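In the part that follows, the structures are each spelled out as structure tokens.
Look for chain A in each of the two complexes below; its partner is chain B in the first and chain C in the second.
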Partner chain A sequence: MEWLQNFLPLTFDRAVVWIGVLCTIAIYSLLYRENPFYRFFEHMYIGLAAGYSLGPLGVDILYRYWIEPIWVQGYWAWAFVVPFGLYLYFIYSERYGWVSRLVIGLLIGASAGLFFQEFSSRYLVQLNSTLQRPLWFSASNPDLTVGNLIQNYIFLAILLTVMTYFTFSYQQKGTVKGIATAGRWFLMIGLGAIFGNTVMARMALLIGRAYYILSDWLLIRVGG
Partner chain B sequence: MQPQTIWQKMLAVDRRLLYVLLLVNIVMFLLVPVRMPASISPPVQKFYDTIEALQPGDLVMISSNWSASTLAENQPQLEAVIKHLMRKKARFSIISIEAQSRDISYRLAERVTKAEGYEYGRDWVHFGFVPNLTVAIKGMVTDLPNTIKQDVRGTRVSQIEMLKGVNSLRQYKLVIDVTPSGTVPIWISYSPKEVNIIYCPTSVMAAEAYTYLDSGQIKGMVTGAKGAQEYEQLLGIVGLASRFTNAISFSHVLIITFILLGNVAMFMNRLAERREA
Partner chain C sequence: MTWQLNPQDQWLWIWAIVLGAFVLVLGLIPLLQVLPPRGRRALVVGITFLAGLFFAAEFFMPVNEEQKNMLTPAIQPAQNLLQLIGALALGLGTYGLVRLHLKNVVQKRTQWGYSVVLLVSFVTMAFFSIWNTLAEKELAPKTPLLENSFKLLFDFTLVQLDAAMFSLIAFYIFSAAYRAFRIRSIEASILMFTAMVVMIGVVPLGAYISYDLMGFSAEPTPEGASFVQMLVHNLGLPKVANWILTSLNAPAQRAIEFGVGIGGLAMAIRLWLSLERGIT
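This part shows the complex of A and B:
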């Protein structure tokens, strides 16, 4: 009796859980077949997510960075910033389309500038790490183990074969074709690992929903 | 044409039957009250060790960019991270570039910190939603108070007790990126070199991050719910991920079995067709 009282949607919190379960069942009903029940909840979810985003956008962005500096702190020059951003919409006008290019040019310039920093911080470090891999035992690598050495050779082999696969400047035939084929196989193994992880992620999401239904809705103790 | 042989029958199985079997498998193993121990993978161990190296009072930035759609993977990660930081008495701030994550991460942190007596404003703070991570990181490096301006409760950054004297991201010891999106390259590219980065991706994103782990650009990684389970085990806590353990393991076993059976049926069927021809 107590369980039934806790289970039924008699309070606001319980009603929220019931709605959550209804949404879950509606979305997973697609697995049976396409149906209007699923369509309705899919559109509702997209609409809710889009509408919800407007709240933080208004409070955390427009108010914090635009309205408050102008109205409270008196930085009136900020008033020109948002209209300048809105120039982007001139892209839909044949006559005044050139105005949008002012904003696009500014954005491209900023992105190009930022990429210099990104390239050095992101890719140069990886190049450096690749080139520093020791391939034989020496006094300068006292911590190098046989396992690490094998790993480094495998790394080098995969790097070279995959790079060969992506070299299109000459016709790949003979030995080069064999190396490129090996590179393609390594790529396939890599992509297989990514796909395996994707399946793992989808399983976790399904388990999360099953947990919600069992634990939060049916009030069953789950997982010990 | 009706399937004749057992292999043809196997290939003609309705996919919905497989979904039902998968669901039954998951529910069954969620209800089993025994949890299997996990073997700790090196990226998770490194992740744990990086947080263990923190000193009381050290500043940590948590970048939380997940929403309801990846809750099953990212929630256990974030919960365990916050519990670990509280154990180390580290102070932390949370920032979100995902509008939904702003409230989800704030509520989660409020719930978890309240249980341990961690006080908002003194021990932790939430910076709210920022739409462009690149601009936010660059701004925080040069002038954190004027980039963030207010926390999620509308308090000015300069008036928050925890952030007194904090002017730059350089004063932080660690960045923890809990995300289903490709945000970690942005943190790697624009955050100061002296600030370590550790990463909690969803399983989908993990494979791409091994290059950063290998080069030392990130110091550790907790991959999806499986990684969170290993991390919870290291912390000695029973969180969501630990409760998912059996279901995760056995759902993978079932899917591998389906794949093997499907392939065996396909090859045997081809063989039979060739023989007939």
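This part shows the complex of A and C:
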């Protein structure tokens, strides 16, 4: 009797748990087949997600980077940014549509310029660390063990074979084709590992949902 | 000319400048319209090039002892500007979504009822999300209505739907894997074997099979162990899974990343110089 009292949605805290479970079941109903119950919650999900983004991504940024600099700090030049950004909204106009490309051009140009920085801070660092791997015993590498040395050779071999597989500038035949095939197999190991990790991450979410239904909704004690 | 005004004393000036900026920038459109198609393209190409040049120049220009050059102080405001325009672009996406579903409702297209659901949930959530953002900045009152409504809409509806939607993918991954692994090739076998080892190795089941059932050593390799001893100490599934992830997966990933990096750099240069015709 006490369990039933706690289970039923008689308080706000219980009602919201019931709503959460209803959402979960509605989404999982797709596993049976496409149905109106799923479609209802799917549209609600899209509406809620789009509506939510207006707060932290719209109003918050507008306040932090436009209203605050102008009306709190007094930097008046920022006043020109929003009207210029509003050019984007002319994209739906047949006559003035081209002005939206001024803003899109600015965004694309800036992204391209920023990629130089990203290339340096991300890829060159990786290249550097790859090339610094010791491949023989020397006085400058006193801590190098046989195990580490083998690992370094394996690392380099996989890197070079996979890169050979992705080189399409010339026809792959003979020895190069053999190396590229080995690269494809190594790539399968990498993709298998990613696949395994992705499955486990999704399983963790699935377990989380099952835990929510069993523990929070049905009030069944699960685990320790 | 001063770039900063005193908001307390010169608020009238600030309002006048903001209004003037709107009139000036939006009033520029009829003038821009006079440009011939080649002139318009030249303007877009010029803005694209200058925007890219600014960030590229800041990166390539020599720096002083403080790791700065003459453009460095302008980087943060430039990034803020991009954030601001990005936020306006988000509004454009939202506008497109609402426009489409409003059309569905007005024209009573097939299944327009779902568009009503979307619009109602959008308006409700937008109202409370904006109110909540303003309340966090102490620009609006934080009432129990706001707290309960936002909790209901965000924590107990949106978050739940989000988690359910993403966990649903687990089923489709299994289904896709079943179909993929039915193709009997060396590549599919390698992929399946690696995935199995990683999946079992990273959960307690892998440790149970390796250490409790098969009796492999769970201890780390002792100092000064021979190569054979090292191998014997690392045959447990969790250690093999870890080795696959760090020693076999990492170089394959890095090779892919190098390819992505070089391709990205080539594409960035093409975009910067407006050689990609379809965009600018």
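A few points about this structure:
Here is the rule we use: the second predicted complex is superposed on the first by the 201 of 224 C-alpha atoms of A that agree within 3 Å, B and C clash if a C-alpha of one lies under 4 Å from a C-alpha of the other, contacts with A are read in each partner's own complex, and residues count from 1 in each chain.
Keep this in mind: contacts are C-beta pairs under 8 Å (C-beta built on N, C-alpha and C of every residue); 3 or more make two chains touch, one makes a residue touch a chain.
Keep in mind the model is a prediction, meaning the values are calculated, not measured.
Of the two partner chains placed by superposition, chain B and chain C are both touched by A:117.
In the superposed pair of complexes, A:200 makes contact with chain B and with chain C alike.
Using the contact criterion defined above for the overlaid structures, shared-chain residue A:57 touches chain B and also reaches chain C. Judged by the touch definition given at the top, the superposed model places A:73 against chain C, while chain B stays out of reach. Between chain B and chain C, it is C that contacts the larger number of residues in chain A.
Once chain A of one complex is fitted onto chain A of the other, the partner contacts of A:14 are absent, as it touches neither chain B nor chain C.
Judged by the touch definition given at the top, the superposed model places A:214 against chain B, while chain C stays out of reach. Of the two partner chains placed around the shared chain by superposition, chain B is the only one that A:32 touches, whereas chain C remains out of contact.
After overlaying the two complexes on the shared chain, residue contacts for A:85 are found with chain C alone; chain B is out of touch. Overlap of the chain B and chain C interfaces on chain A comprises residues 31, 49, 52-53, 55-57, 59-61, 65, 114, 117-118, 122, 126, 130, 190, 193-194, 197-200, 203, 205-206, 208-209. Residues 12, 16-17, 19-21, 23-24, 26-28, 30-31, 39-41, 43-63, 65-66, 69-77, 79-92, 95-96, 98-99, 101-120, 122-123, 126-127, 130, 146-147, 151, 154-156, 158-159, 162-163, 166, 183-200, 202-203, 205-206, 208-209, 212 of chain A are the ones touching chain C in the complex.
Contact residues on chain B toward chain A in their complex (touch as defined above): 16, 19, 22-23, 26-27, 30-35, 67, 69-73, 99-100, 102-103, 128-131, 134, 138, 149-150, 152, 185, 188-190, 193, 202-204, 206-208, 211-212, 214-217, 223-226, 238, 240, 242-248, 251-252, 255. On chain A, the positions that touch chain B within their shared complex are 31-32, 49, 52-53, 55-57, 59-61, 64-65, 68, 114, 117-118, 121-122, 125-126, 128-130, 190, 193-194, 197-201, 203-211, 214, 220-224.
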